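Multiple structures follow.
Next, two complexes with subunit A in common: one pairs it with subunit B, the other with subunit C.
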Partner chain A sequence: MTDIDGAIEVETLHMTMRFGAFTALDDCSIHIKPGSFHALLGENGAGKSTLVKCMMGFYHATSGEMLVNRKEARIADPKAAHTLGLGMVYQHFTLVPSLTAAENLVISREDAPQVINWRAERAALQAFMAKMPFQVPLDQPVRALAAGEKQKLEILKQLYLGRRFLILDEPTSVLTPDEADEVLGHVRKLCEDGIISVLMITHKFREVTAYADEVSVLRRGKLVGSGKVSDLTHADMAAMMMGDATLAEPGERTGGAGAPVLQVQGVRAQDRSGHKGIEIANLTVHAGEIVGIAGISGNGQMELMEILTGQRALLSGQVLVQGAPYGASRKEAFSNRVRYLPEEPLQNACAPRMSVTENIAFRSFDVHDGSKRFWLSPRDMRDRAANLVSAFKVKTASLDSPVQSLSGGNVQRAVLARELSGEVDLLVISNPCFGLDFSAVSEIRARIMSARNKNAAILLMSEDLDEIMELSDRVLVMSEGRIAHDTPIAEADIATIGHYMGGHA
Partner chain B sequence: MENDLGLWVIPLAILGGAIRVSTPFLFVSLGEVLTERSGRINLGLEGTLVFGAMSGYAIAYLTGSPWLGVLAAALGGAFFGLTHGLICSLPRVNDIAVGIAIMILGMGLAFYFGKPYVQPVAPDLPSINFGWWSDVPQVKAALRVNVLFLIGAALAFGMWWMFRATKVGLIVRVVGDSTDAARAMGLRPALIRTLATAAGGAFAGVGGAYLSLFYPGSWNEGISSGQGLMAVALVIFARWNPIACFGAALLFGGAGALGPTLQSVGISEGYYLFFAAPYVLTLGVLIATSSPSRAMTGAPGELSITK
Partner chain C sequence: MTDHAAQAPLALPASSRVLGQVARRAEAVVLPVAALLVGFAVFSIFLLVQGKSPADFFALTYRAGFGTAFSWQNTLSRTAPLLFAALCVALPARLGLVIIGGEGAMVLGGVAAGAAGVALSGAIGLIALPLMAAFAMIIGGLWIGAVGALRYYRGVNETIASLLMAYIAIALMNHLVEGPLRDPESLNKPSTAPLPTPLRVGDIPGWEVHWGLAFGVLCCVLAWVLIDKTTWGFAARIAGGNMRAAQVQGLAVGPLIIGFTALGGALAGLAGFFEVAAVHGSANASLASGYGYTGILIAFLARHNPLAIIPVAILLAGFEAASGLTQRRMDLPDATTLVLQGFVFVSILMSDTLYGRFKIFTPERWRTGDGK
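And now, the complex of A and B:
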């Protein structure tokens, strides 16, 4: 532990970072006062992570300087940042899953002893924990901790290491609303007590208004606005983030639910770890309806997707499509017009090294006028791909480029083009907008809505509660492998849903 | 049988055999545990084992000291491990493929350099007689325990302690479980993996020296019969726990002793089938511990087979 005491003041002055001809960060000056909770807003690619990486010494800024406690600081590498008391909590946990919390804390220390005297270390850890506003169990492997506990442990680890200025990179992206409130509440308390200052990267306005004192907004590498949170509304902040870009509105909802298309009845299966079971007593999706499944990742959504795509064996129960048992073979999917959009489509729905044309042809390459064909027709494949690429605005260098060379949003569009072309009766989607920027997100959501309006039955699994609330006609909550809650959208209440997501209700 | 032990000879011989046969399994699997806990697989340990057997035998013969032979085998093994580790540190290199190449290289080099040592007789490693209290020759034979077996047992417990309560042990586990976390901590995963792989190779080399210097106690080209590969299965069975490796090595050793035991009590028909017992056990273990729908528990997160 270092001997730095109390919150640190950090200021960047005219910081600029260029990668070749591309300016990722342009003359950015922000000031984080000691003990303040400062939010950093911006879209994907706005330069937020470039800025914090410069502050932490992962990058060396092309020009500009940084002040730590009003003294100029040259930060050569992350170690130098650590010695100054600067620390960062990454978006993805950097705890080691198989080590216990205590082992994680001790081994992260620079001066960890060669032979660890666990009795002494444990006493020291308990003394440290007693001074903290929140605790985590020390003896369980981190793997067994809930996401909120892990996030708390990450923050405790920074304090344990003596860091007094923390950068939090989207700290609540994997937490339930309740967990997020708890963690951020504790962080705010630490700031108010003058123990730390915080710079939090986020794009959730609600968290900015509820917890932060000040906010800075980046757009295309430039600081476009900053100020006290109390002086700004959500609309002000959104306007700063978006600039003059316009968004595609999700289409109007037309028509109501029709006949049941997908029925999952009394299904039991094992989950990935083999310790917990998946149990879906009854799940029905009707034509012309979007059923949204909310839930924290790891509560069985992935397994449910695998059940529906035939990748996971059932212990009992059945899946029916249009009233007939459905085994998810290619033939059944084709005749029932079932389509899938799994999460991380590059890995789960594409052959990454095959071309855009070939990937788009996966559903249709062996079919011609409704019958099977043996010889492929490269020209038909190409024409079809060309049509879909332009209809779905897929940006690709050429139709022959490998699909892995496309950006995330364009891979998503290409897969959506393949899956939504022709008539669709049932569409199963998982996290369609994860990691995409605003304009791609709104376009993809509009496509999903228009498929619904064309009478497709849609099952949407998403960790993004806003997405569920925006698109769904009916909201379910999945928790510990079960459907814990089922409500029409008109009666859906974020707080109640949050409780069910956390498994509390 | 002159002492009227009757069928008791069989379990007794299996116990003795287990102690005798298990030592190479124990050393190779400890080496593999260390390597895999750091996040890498080394299938080349079979080749390392054979090379260790050859180099250990040759040096023991040339110097007259079996312990110098063991040292030479350990150095040779460390060299092979280091080679494997360095090659695998290069980008886009698959550790399974490199491991197979190292295995074949190790065996090839051992056969090439080992030709002159097939005939000569090297000194044996010493063993301790724990059966002094008994008059029964079978008991005496079963309890003649080699020093390397005891060292291996001590190392198993030592390694368990190392993973739990030393900085080095925790660092190896960190690197094996999450490269990202290791980087965030300022560790260099490639370097640590390479060192762990080299140390693991040294263990396998010592296992080889045991083969040629104690049991069966001579150098020939068919000396290993796949122990190095079976040890990989054994590590999975032992869930990457060094102490469990010790138990599993005894089990495999016992299975390996089944054939010779039955032969010695005069069962002449079909005993060859029992020579296959360790291989059947390997298959059985792999099938029993596999699951199409479950992730492996206890497996280091960075291992290429579990990703």
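And now, the complex of A and C:
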């Protein structure tokens, strides 16, 4: 343990990071006062992670310097950052699930002895816990803890290791709104008591206004604004994040719901772990409506997607499309005009090493004027790809480039181009905008909305509640493998939805 | 290109597009060749450590494998089974499956051909030979197709399953030729009854190499057409590139997996048929001579491209043909050729991590204006 006491002050001066010709971070100076809760806002690719990686010693900044407690600090590697009392809490948990909280804490120490005297350690841990403003049960395996408890333990671990400046990387992305409030409330308390200073990377304005006292905004690697949170509105922050980029508004909603297209009736299946069940009593999507399914990840959304794509066997029940049983074969999908946009398109909808042309051909390579093809037509594939790439503005060095060389937004555009061309009757979507930047997000949402207005039935699963609220005609909440809540958008209430997401029925 | 594409922002001058494609393909040639050379280099160190001259080794290998008409004949007759064995690896590899048990399908195909030959001994060659070949292909196809089915229905690792099934196949072959199918007159080396002359596969006229070579080359070309030019091959490439994406596209992944593994097994079975009908004249333990394993190395060196298998198989056949002479002349242990193959294999597996690392092979590098 280090003997640093009290919150640490950290300041970066003109920090710049170049990767080859690309400038990821450009002359960025931010100042985190001791005991402050500082939020770092920015789109994907704005340079937030580059900045904190430079601070933690994962990267070495091309130029610029860093002050820790007003003294110049050269941080060669993360170990050096730790010695200075700097720590980081990652988006995903870094705890060992099969060990208890106590074991996780002790083994994370760099000076953990070869032979551990558990009696002494336990006494020390209890004394440490007693001093903390919040507690986590020490003797349960971490696997048994809820997500919020795990995140609290991650923060306690940093304190236990003597870190007094914490970088939190989207700490609430896997938490329910209630859990997020609890964890961030504790963090704010620790800051107010002068125990730590915090720099939190986030996308959520609500968390910034509710908990942070200062904010810095990055755009394209540059610091474009900072100040006291109390002086800024959400609109100000959004304007700083997006700059002068104009966003495509989601199109007007036109027309109402028509006949049912997708019906899931009394479906039961096993989940991925094989321990829990998925039970969907009744789920109907009508033509010309977007049904949004909200929920924390891991509550059966992936399994539902697999059921609808025919990758998961049903124990009972049935899936109907246009009133007829549907098994998701290529023929059925083709004749019913069913399209899928799985989450993380590079991993789930593309062959990463195959070319853009080939990936765009996945849905159409074997049909020609409605009949089956046996011989491939490279010429047709190429023409089609060239048309779609320009119509959907996919940025790629060439049509022959492997699709994995494209940026995330352009992979998603290429997949959208493939799946949204032609007539669509049913579209099943999962987290379409995950990890994409603002302009790509608004464009993709506009395309989804326009498919709805062309009378497609759309099932949208998303962990992003804002996305659900923006696009849906009807909102469902999925929790523990079941549809826990069902409400028209006009009556949807964020707080109620949040409660159902957290499993509070 | 159509008019539309010509207006698209992406449209590049044809020359730089062609250069880009050439660059992309060059990667698939340059890296394996470099890996082969690295393997040879490490093997040379192995020879030097034993006080032998690598120069002598390679010169002798060249003479014994490729130097004379006679050595070419020897090399090419060994090429035939290697072509089929490599296809048994390369076809499933397009689906992302690593099948290393082609030896088993080859051995059982040989036994099937030998047994069919005994049953058909009265028939004329024109009828009996296709039947023997078909029987060998069915048995081989069932054997490796079973590996594909285990993989698809039960999630059994296909690499381990195919390897273990090869041992079972060899044991089964020994049981059959020493037991139920044994010709009582085969004393020292238990075999099936020798095939009558009309049931033997002869040489390609003017070549003194049996017809297996011609069929092997033909199968390589057909396999290339299947993979590169047909929608089936494209579906297999999608499944090999990303199984989940293929399933989301509704492609029938199960039939693809079982079909491609069975086809690979059938070709390995055909190799067994040629070994029996053209080389040994009856089925016996000589069938398990390791061609199936050398086929793995060939397929990997050829990047699972059926056309590239042809030259690579000839090269490796040359090394095998020369092994006896070089080992005797240079007083090296019998396993020396295996050591060479091992070094080349490790080197080729490591080269797999280098794809996409060199800018010179990317199409972007060759866009007009960017390239030199």
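Definition applied: the second predicted complex is superposed on the first by the 499 of 505 C-alpha atoms of A that agree within 3 Å, B and C clash if a C-alpha of one lies under 4 Å from a C-alpha of the other, contacts with A are read in each partner's own complex, and residues count from 1 in each chain.
The rule is short, and it goes like this: a residue touches a chain if its C-beta (ideal position, glycine included) is under 8 Å from a C-beta of that chain, and two chains touch if they have at least 3 such contacts.
The model shown is predicted, which means the values in this text are computed figures rather than measured ones.
Asks: Could you figure out whether subunit B or subunit C reaches more residues of subunit A?
Replies: Touching more of subunit A: C.
Asks: If we overlay the two complexes on their shared chain A, which of subunit B and subunit C does A:313 touch? Say first, second, both or neither.
Replies: Touch status of A:313: first partner only.
Asks: Once the structures are superposed on A, label A:363 by its partner contacts, choosing first (subunit B), second (subunit C), both or neither.
Replies: A:363 sits against subunit C, while subunit B stays out of touch.
Asks: For A:96, decide between first (touching subunit B), second (touching subunit C), both and neither.
Replies: Touch partner of A:96: subunit B, not subunit C.
Asks: Looking at the overlay, does A:116 come into contact with subunit B only (first), subunit C only (second), both, or neither?
Replies: Touch partner of A:116: subunit B, not subunit C.
Asks: Applying the touch criterion given at the start, work out whether A:272 contacts subunit B, subunit C, both or neither, answering first, second, both or neither.
Replies: Once the two structures are laid over each other on A, A:272 reaches subunit B alone.
Asks: Can you name the residues of subunit A that touch subunit C in the complex?
Replies: 309-311, 328-334, 340, 342, 347-354, 358, 361-363, 365-366, 372-376, 382-383, 386-387, 389-390, 396-402, 405
Asks: Considering the complex alone, what residue numbers of subunit B touch subunit A?
Replies: Going by the criterion above, the answer is residues 165-168, 170-171, 173-174, 177-178, 180-181, 184-186, 291-295, 297-298, 300-301.
Asks: Going by the contact rule at the top, pick out the subunit A residues touching subunit B in the complex.
Replies: Listed in rising order, the residues of subunit A that touch subunit B are 78-79, 90, 92-99, 103, 106-108, 112-116, 118, 269-270, 272-274, 312-313.
Asks: Which bits of subunit C are touching subunit A when the two form their complex?
Replies: Residues in contact with subunit A: 1-2, 4-5, 8-12, 17, 20-21, 24, 228-235, 237-238, 240-242, 244-245, 247-252, 356, 362-364, 367.
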